[in-house]
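Multiple structures are listed underneath, in structure tokens.
Below are two complexes that have chain A in common, paired first with chain B and then with chain C.
And now, the complex of A and B:
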């Protein structure tokens, strides 16, 4: 009895010390991610929120606890209007990118047989990213401008008499440039989803007498929706926060929210207001990511 | 800024440039100069000869805005010995007692300055001068003589429907100042809400004429050269760029006046004891050093004799712009501190966001 109780007690103590050791080890492994999260997420976001609740008086930051800046974002021109405009440009970019990207992703996934050719095409999609964003945006300037390649061609073949000025310096050129620059992201995420479709599924459908269009409409398209959603979220976010395209190819109306934030930081030195816009956008972003996560989950097909 | 932010910024600057540890105390000991300046204001081409001549080592930290200078200087702690703020910021620093008066007798090269830059009002308080003028410029009103009559003498042409989609003005609150001058407001730098609303309406009225608000001086040059626009506002460098490319450009002198900016070297309080400060101030005021600086920035410089040190081509374009002629500065509206700059910017953003 005593001896067995002693053994049991020892076993318990051993388990406890093992657990303690385990806990210590857990702490050791948890520390890096927690530290990373604290340094790169919690502290910056905390500082952003702290700044947004204060105000600037004569170029000096006065800490406070006031929601005035947030109220201003929603009530004073032009902040909310510019956020909506940026969102509109983001949505158009996302839709256009998906439309441009889908056929290419489809082609790479289903029509390119050899792995080599697949890799090559894949590479060609990524290669433009080796060139600087600025260079690509400037390229569109030279294509779309009054004396640009497009206008020269149109006049050369006699379609127009004078230069068409509608191509450049407006929302159209901004969306076009952003679409061109961010489409690779849509291609990659749609392609990743299409790759997952088992060929057996398509063969089975074919055996059952489905034609190509039916297979696309009833099998491929529904399965690829999560990839499109993921691609759209990336392209939307990148386009929404862009500040270079409106400056380079935008017109007099093409001010986007990041441009306003830059102005507030640099010209006006109104960091609290800029921080408030940042907090609002982060909140909107979280909402968007939650919604898209839910949508991806809901549209995901299980095999 | 926030103490937190400021500390972080100092830490960052310190980490990047390694200056926090030095500051003015080290400068005194080892013959060092730490300066917060615009890019191009401590270029190697003219800093190197100075370092050789004087034995003083120059540490330059580039800043992106006047506010950055103010924030850094106000935070104290010997961040810098010399700064180069613009005329819309100098008086703020003087009033805050953050800078020391300049003993102009120790800067003999100032004798060759254009008269406007000896003791301009943005550097003078209680009879003392608080800075040495440096880079300056006038916001030019330019136009293509093929489209705009050379006799134009008012800003009014910017609103002429004849130029629909054919103009470009600076994406900056200077455009608000310009409209204020056009509307005849005398308090351009301290406008009331009502006046700002009038200016906003006027600027929205100009929008159909605007092809694009330019962002860099080079961009305006490209817009003009490619025929996208036929006129608008510009810096001197834009005119030089266009004229060098063989394009004829009008340099319109509107009766409403033109905006003008001027940077100055100022001594941060306490740094006047640094033995390197005055040698530098005198050196950068010399015709030779300013000619080298002009080559880097393309700005105007106060030393009249600078022109003699330029090559023939640069000399010709500089003279054509009237940069060595005091008469150029007769009808200019020097920038002043704007207390409600955030409000001005908000109005400007409203103008840009408005669609019509």
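And now, the complex of A and C:
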């Protein structure tokens, strides 16, 4: 009786100290992520929100607690209109990227047999990213411009008499440039999804008498939807927040929301307004990400 | 006339890194219509490649595949009307069980030969056949391994093919489920009367289910015959050791008289065997195949082989003794009934060979 109680008591003491040790260890391992989160997320977002609630008077920031800036985002021209236009450019870029990326991803996933060739093509998709973004945007300027390659070719083969000015400095050239720049992301995410499809699925379908088109429509396409969604989200987000392409290849009317923010910060010195737009965009972004997460989950095929 | 499937000198070469190898190296075989035929062998023996060539998923390097006398070597896979059951099930993960089973029928419906209501009827009928009537609306990932394989079976059978091909279909299931599925497959074969061509590396599975087994090795068929024939009269040491764990003792032909063959073991002991149709002449080296169930302990009697108990293993159904023959002549296993007294480890024993079952291997 006494001896068993003694042993039990000892066991409890041991458990307690082990638990204490565990707690200390947990604290130790939690500290870095919590610190990272605080420094890089909590404080910047807090500052952004704090700034957006104040206002500027005589070039000086006056803290406050006012939603005026947010009301202005939705009521004063051109903010809401620019956000909508940026979103439109983003959506067009996302759709175009998916359309351009799909055949390439499909080709790499199903028609390239050797691992080395696959890697090489994969590399070729990524390689443009080794060149500066600016260089690539400028390249489109020289392609689409009135003295550019496209116009020179068209005139050379006699399709047009003079340079066509429709190619550059409008929404079309912005979308084209952004599509070119961001398509690799769409390729990679669609490819990653297509890679998951085992060859035996395609063999089984052929064995059951299905032709290539049926296999694509009934099996490959439905399984690849989440990859397209993921790719579209990335390309949309990158295009939506872009400010270089509108400046380089965009026209006077193709100002995007990031350009507006830059102007508010650097020219108008209206930091609170810029911050308010930032908060609105982040909120929209969160909405978009949760919606797309839901859509990806909904369309994801479980193997 | 139904002659089934004929393979004529079928060969397949694979090339990798500039180095070519024959995966299948001259397979000749006739698979009768309605038979259950198994291609058996270790991995890399060419059994799966042979099956895939029959299905049309691989193109033979040379040779011919005939079906009911017609050359189908160059017929596209989609036109072959042979359905395959894959080891990884290969169910379409984006479709329900019903949609999976209906897939082959819907493909045909586009060619206008079957109505949607007929499809529904047949799908229900075949899901019932594999005991999955209540699972039609589930997605494949919600099913267990055994259920997935049943769906795969139903999907293959629903289109009423004459030939069903199986590529290690039970390979990823656990032992108990495998036994249940074996019985299920035998039942389906009996009920549907289709030709089943089955690939496995599991000799028990092959023995239990097949009308005929082709034991394969190095891209060739080592022996093709009924399970009993292969078990009792393997043509060479490879087949003998692959099927049923036979032990082979080296010997030499000592004499042959009117059908009776006398062998001399390496330790000088002699074994007399009647009814042996071997071509081996006196003095030539042979292998004596001894299966554990064909050896019994005997009193010191003429014609018995002497040995020493090296190990005993209690197997539940029987006791397995490992017996080292005297003079290093070899090792054999003996199965003994569990109601007999245990023979002591290290004890000297005499073994009597069942003359009807002993088999002499020339190769």
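Rule of thumb we're sticking to: the second predicted complex is superposed on the first by the 303 of 303 C-alpha atoms of A that agree within 3 Å, B and C clash if a C-alpha of one lies under 4 Å from a C-alpha of the other, contacts with A are read in each partner's own complex, and residues count from 1 in each chain.
Basically, contacts are C-beta pairs under 8 Å (C-beta built on N, C-alpha and C of every residue); 3 or more make two chains touch, one makes a residue touch a chain.
Note that the structure is predicted; figures quoted are calculated from it, not measured.
On the superposed chain A, the positions of chain B and chain C stay apart, so the two partners fit side by side. In the superposition on chain A, A:77 makes contact with chain B only, not with chain C. By the touch criterion defined above, A:222 reaches chain C but does not reach chain B.
Measured by the number of chain A residues touched, the leading partner among chain B and chain C is B. Of the two partner chains, chain C is the only one touched by A:207; chain B is not.
Minimum Cα-Cα distance between chain B and chain C in the superposed model: 45 Å.
Note for the complex: chain B touches chain A at residues 1-2, 4-5, 64-65, 67, 70-71, 74, 92, 165, 171-173, 207, 210-213, 215, 226-228, 339, 341-342, 344-346, 348-350, 352-355.
Contact residues of chain A toward chain B in the complex are 47, 50-51, 54, 56, 58-61, 63, 76-78, 81-82, 85, 145-147, 165, 168-169, 247, 250-253, 255, 260, 263-264, 266-271, 273.
Residue ranges of chain C in contact with chain A, taken from their complex: 55-57, 77-84, 86, 88, 90-95, 103-104, 107-108, 110, 139, 141, 155, 159.
Interface residues of chain A, counted against chain C in their complex, comprise 198, 200-201, 203-211, 214, 218-219, 222-223, 301-303.
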